[in-house]
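Let me give you the structure first, and then I'll get to my questions.
Labels run A, B, C and D following the written order; every chain starts at residue 1.
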Amino acid sequence: MSKIKKVAILGASGYTGAELVRLIAGHSAMETVVMTADRKAGQAMAQVFPHLRHLDLPVLTRIEDVDFATVDLAFCALPHAMSQEIVKDLPLELKVVDLSADFRLEDVAMYEHWYGHPHYAPDLQKTAVYGLTEFYRNEIANARLVAGTGCNAATGLYALRPLLAAGVIAEDDIIIDMFCGVSGAGRAAREGMLHSEVSEGTHPYGLPVHRHTSEFDQEFRKVTGRDVKVMFTPHLMPANRGILATIHVRGEADKIHECLTQAYESEPFIVALPLGEVPATRHVRGSNFCHVGVVADRLEGRVRVFAALDNLVKGSSGQAMQNANLMLGLPEAMGLEQAPLFP
Amino acid sequence: MSKIKKVAILGASGYTGAELVRLIAGHSAMETVVMTADRKAGQAMAQVFPHLRHLDLPVLTRIEDVDFATVDLAFCALPHAMSQEIVKDLPLELKVVDLSADFRLEDVAMYEHWYGHPHYAPDLQKTAVYGLTEFYRNEIANARLVAGTGCNAATGLYALRPLLAAGVIAEDDIIIDMFCGVSGAGRAAREGMLHSEVSEGTHPYGLPVHRHTSEFDQEFRKVTGRDVKVMFTPHLMPANRGILATIHVRGEADKIHECLTQAYESEPFIVALPLGEVPATRHVRGSNFCHVGVVADRLEGRVRVFAALDNLVKGSSGQAMQNANLMLGLPEAMGLEQAPLFP
Amino acid sequence: MSKIKKVAILGASGYTGAELVRLIAGHSAMETVVMTADRKAGQAMAQVFPHLRHLDLPVLTRIEDVDFATVDLAFCALPHAMSQEIVKDLPLELKVVDLSADFRLEDVAMYEHWYGHPHYAPDLQKTAVYGLTEFYRNEIANARLVAGTGCNAATGLYALRPLLAAGVIAEDDIIIDMFCGVSGAGRAAREGMLHSEVSEGTHPYGLPVHRHTSEFDQEFRKVTGRDVKVMFTPHLMPANRGILATIHVRGEADKIHECLTQAYESEPFIVALPLGEVPATRHVRGSNFCHVGVVADRLEGRVRVFAALDNLVKGSSGQAMQNANLMLGLPEAMGLEQAPLFP
Amino acid sequence: MSKIKKVAILGASGYTGAELVRLIAGHSAMETVVMTADRKAGQAMAQVFPHLRHLDLPVLTRIEDVDFATVDLAFCALPHAMSQEIVKDLPLELKVVDLSADFRLEDVAMYEHWYGHPHYAPDLQKTAVYGLTEFYRNEIANARLVAGTGCNAATGLYALRPLLAAGVIAEDDIIIDMFCGVSGAGRAAREGMLHSEVSEGTHPYGLPVHRHTSEFDQEFRKVTGRDVKVMFTPHLMPANRGILATIHVRGEADKIHECLTQAYESEPFIVALPLGEVPATRHVRGSNFCHVGVVADRLEGRVRVFAALDNLVKGSSGQAMQNANLMLGLPEAMGLEQAPLFP
């Protein structure tokens, strides 16, 4: 049994924060010792998230009141832009896994372009590692700061990154449609996320260019050494959890399938389905799994690649935990083996 | 006020049959005088569809017991393949609107190819008119037999047909993703359509080639004079009603938008949204409207075209009613003006 | 054909306002000439409610900019408490149907008790008629101001009022459980009404005493001449529309059923189901119907009475329209005959 | 670490079977070595339940092909009535946890009364222990055959059993309304369980007397020594998982709350909420927890008691696992500590 690692969750009153608490509760070598939530400081977690009321958890507190001396690692689940401000003042010896968009883009000019304001911690940005675990294991294990990927970005990257690395698909004709559960929008009260507004239907959103596109640009350039620009269209799906990416590429279905099968054959969480089978978001719900599938079309050279994951687990908090395990010298899959919940 | 037309609904125990009853109840010149449902013959509609219990309706009966002498038009909402057998024996003077797949494909060889068996009424097939109202008004008005379109096909055709006719998009690079409500699968009890199986998630289905693709092939050949083969990927959406088509084409967004705006400016039910706006299935629910939208991408020459409609109304029973109005000499929009139901 | 009546909708940016627009669009003798929405003044309805974009509607405006000279009747769909302030300054010759809680309680002391502040228009309150159409037809037809009932209250009253009037149930042992769709909470952005918070589950709310209880107290006193205090427990149901009341009473099932059947046999919208049959909210969705049912229990003298209606139609905007018809001398059911939308 | 116990799941192709597989996968001292499913024999679990595809599981087989020699315990998740036939032929040294209704009623005459046919294994019935863990721990630990409770029965019993035992509520005025997720109806394809039929609404079912009432009769007689007959009305809720019981009793709220708090203060899975707080099904989803709450009414002596649990976990498969732990000498809570999944 490993020595218990003590972790802090900064921003524990949102969905990704609660999901971290849930996962840590099932982790035999990790313990939540600090939870912050500025507007709800002083409350018990049972008041904010009654589904966690059976756990013995610290009271929510303000970040400025936290003593980080005994904390091994902080998960930072704060809103975009605030994360930069907070993380730059954290003790340097504290390991940090950030779940926001704040440290994802290596090029701060790109950050400014996509997010509309200068980066508040450009030096820190240079040290951050992009948290797509399966492709940056070594860097993550040695990092002080890991930047969680966008949940949409992760879904698309699991489908496409090995294919671009292997050169088995055309680089300039990639079309990504994505269907995203509403929990990805967070817990902030917004008219557009009311049950009455999003149940029983679907619509595209975030057009003409969703911000997560920037992560595709960055990662695909890294893997190909050139600009690879995809067309990305997200849709809101009337379900709480789950993202399905339906991706249209040019190549040969069997080579594409073979490439993904090999890429993921040793991975604990990424499953390449048999050729011709399709994933469903409900079959990974609540778990850290990602299912990828390949289906040919009647049109020669046209292939569909699918990927499905749970945005709150493999798309954010589960990924964060997987990275934290690596950073803390724990087995990578520890605390993440729960089977999906269906139905 | 027009003289009241008497209609029969063959196969009234399914969702499209019930939807016809609902629409006819609000139609001031049409009356349901016959309803058949073989396995539920003898039952009142209130037992089969309690939401229609307030209506004064005939008892469900068997087709062989129907006297068609006083019927002006029959809606045929029977299962695929059965429709051919029934329609070929109906009186020749009886006008027929068929809602199944049985008479959609003009080429019976194509029918056999896509549906796996020879057509049972090839001569009758030759007389059938494809029921996409906005593009075949005159033929429909003079037809004895009109073949309802597939609900997926209708959605895609409203987005694409004017664009291919005008030559404003590339013909050989059209990708259609579609998100379809579960009522499209009908009322037959199937494990895969249980609430527990389809709620709270999504997945693609009907791959590698969905049968409705045949209707795209047929209609796009008619309008271009050559083979135009699209890549079509339907997904099951956890909602009862609605289809959203997200279509990726090559062309210029403003020309595409202008083309659709002009094509539909006089249409009562097809609405071209302002450039850059996207439709939502819930904004057409329960109505005969179809909303189409155009959004450019950051990639030059890449454009998204969207279409949304209610599969049970504009995608089937509403379309059938619109066509019946034309065939019976009634105002085309009669009984179809209900606003969508939201939320 | 009646002369077209001109109506204003004050507070048209909420769900009940939109529902009024929808219903009026299908009404052959009523026209929406004014729509107000203070925070959205200047916008087109298509921006606020895209499902109504096909209608030719006035632009949203501020109440203070409205010229009521040509308006026959105003529907007031404003938030609670604001309605009193607005209605008291409306022209005296303008008929008003208020959909808020502001004028429901005849006794202003009771209003203050239940709503926590003095009534702002006590004189006006004295003139208001409680809008439960089936029981106050004459008063409504002659009223200047009609107060719409609570949607929960209406559901319970349809089940219980005839039974208490006829004395066929015990007065002091009535238990009402209710399951209410989320649209009843309105369109204001609140964390507790997010899709992620209310889908896929249920919970009781508004305890220990929901404000709509006050309407039961008032109406049951009127009909019995004494205090009849019920126990009322509402639950939030993960559906947009619909309220089901499950009511436990003491009496004889056949007498109770007979009483309801007789009470509603001439009513256009209240349907007493056969003894032993139960209603479902989805079978009245989108319509002005209310279904009531009676089922005995194995325990002698114990009976369940059920009622189901659509909270946005029969529970608010449809009721308002029915009352407006009476006030304007139009046929009571005009514009309200739409069949329910199922599935 | 305990020695790994080998278990069989008879009837693994239904929801409770799949849920057992899920729970066992997270259990450190239990292993699934046999899974049967007659109609799907020969298939891999990945085909039947793709969400379990990451697990290393035996192929589905027929019961008659099973060698029970090395099996420590069999979970029997077969349909009602079939269970009796199968269990009576199992080896006597094999421990059995049955999840069906077949062995719940101690009195075979009562079984025949409620289920409409003679019991097929009356001698075996005499040896069965009712599986409500918290109240029959010792008997269960020593039993060879444990009968899982009905999921509705369990929910009601957790709220009421301590109250009747302590005599703090009136015995002859108990009214139970229940709201039940659709997964309780199982995976068999039935029209009434289609997404289109049950989403977006609610209705009562199983009236006038649901079979689970028999379990209330049995248990309440045991605890009070006399007949205690409740009025029980279940409703179908448009959600996959979860049951909420809303129970109306006569007594004093603080005594009732105190009684439940004491009854469950040492229980790992039953949580008594603070007085005045209400449970929500979504806050126990996917977990073995049951939350009970007490809320007074304005009417003196009238109190609401609520209970919420996940029908597939605490209501069936989780309960079965908890009982199996006891029977196998394992820690009772082993493998059941997962936190609920929200949202």
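The rule we apply is simple: a residue touches a chain if its C-beta (ideal position, glycine included) is under 8 Å from a C-beta of that chain, and two chains touch if they have at least 3 such contacts.
Since this is a predicted model, take the numbers as computed values, not measurements.
Asks: By label order, what chains touch chain B and chain C together?
Replies: Touching chain B and chain C alike, sorted by label: A, D.
Asks: Between A-D and A-C, name the chain pair that shares the greater number of C-beta pairs in contact.
Replies: A-D
Asks: Can you work out the whole-Å distance between the CA centroids of chain A and chain C?
Replies: 45
Asks: Measure off the straight-line distance from the CA centroid of chain A to the CA centroid of chain B, and report it in whole Å.
Replies: Each chain reduced to its C-alpha mean, chain A and chain B end up 40 Å apart.
Asks: How many angstrom lie between the CA centroids of chain A and chain D, rounded to a whole number?
Replies: 36
Asks: Would you pick out the residues of chain D that each touch at least 2 other chains?
Replies: In chain D, residues 15, 183, 196-197, 199-200, 238, 240-241, 280, 282-283, 285, 343 touch at least two other chains, as defined above.
Asks: Quick one: which bits of chain B touch chain A in the complex? Just the residue numbers, please.
Replies: 175, 177, 179, 196-197, 199-205, 207-209, 213, 229, 231, 233, 235, 237-242, 244, 246, 248, 276, 278-283, 285, 295-299, 302, 304, 306, 308, 343
Asks: Which stretch or stretches of chain D touch chain A in the complex?
Replies: So the residues of chain D touching chain A come out as 15, 18, 21-22, 25-26, 49-55, 183, 199-200, 240-241, 271, 280, 282-287, 289, 291, 337-343.
Asks: With touch defined as at the start, can you tell me which chain D residues reach chain B in the complex?
Replies: 15, 182-183, 187-191, 193-200, 238, 240
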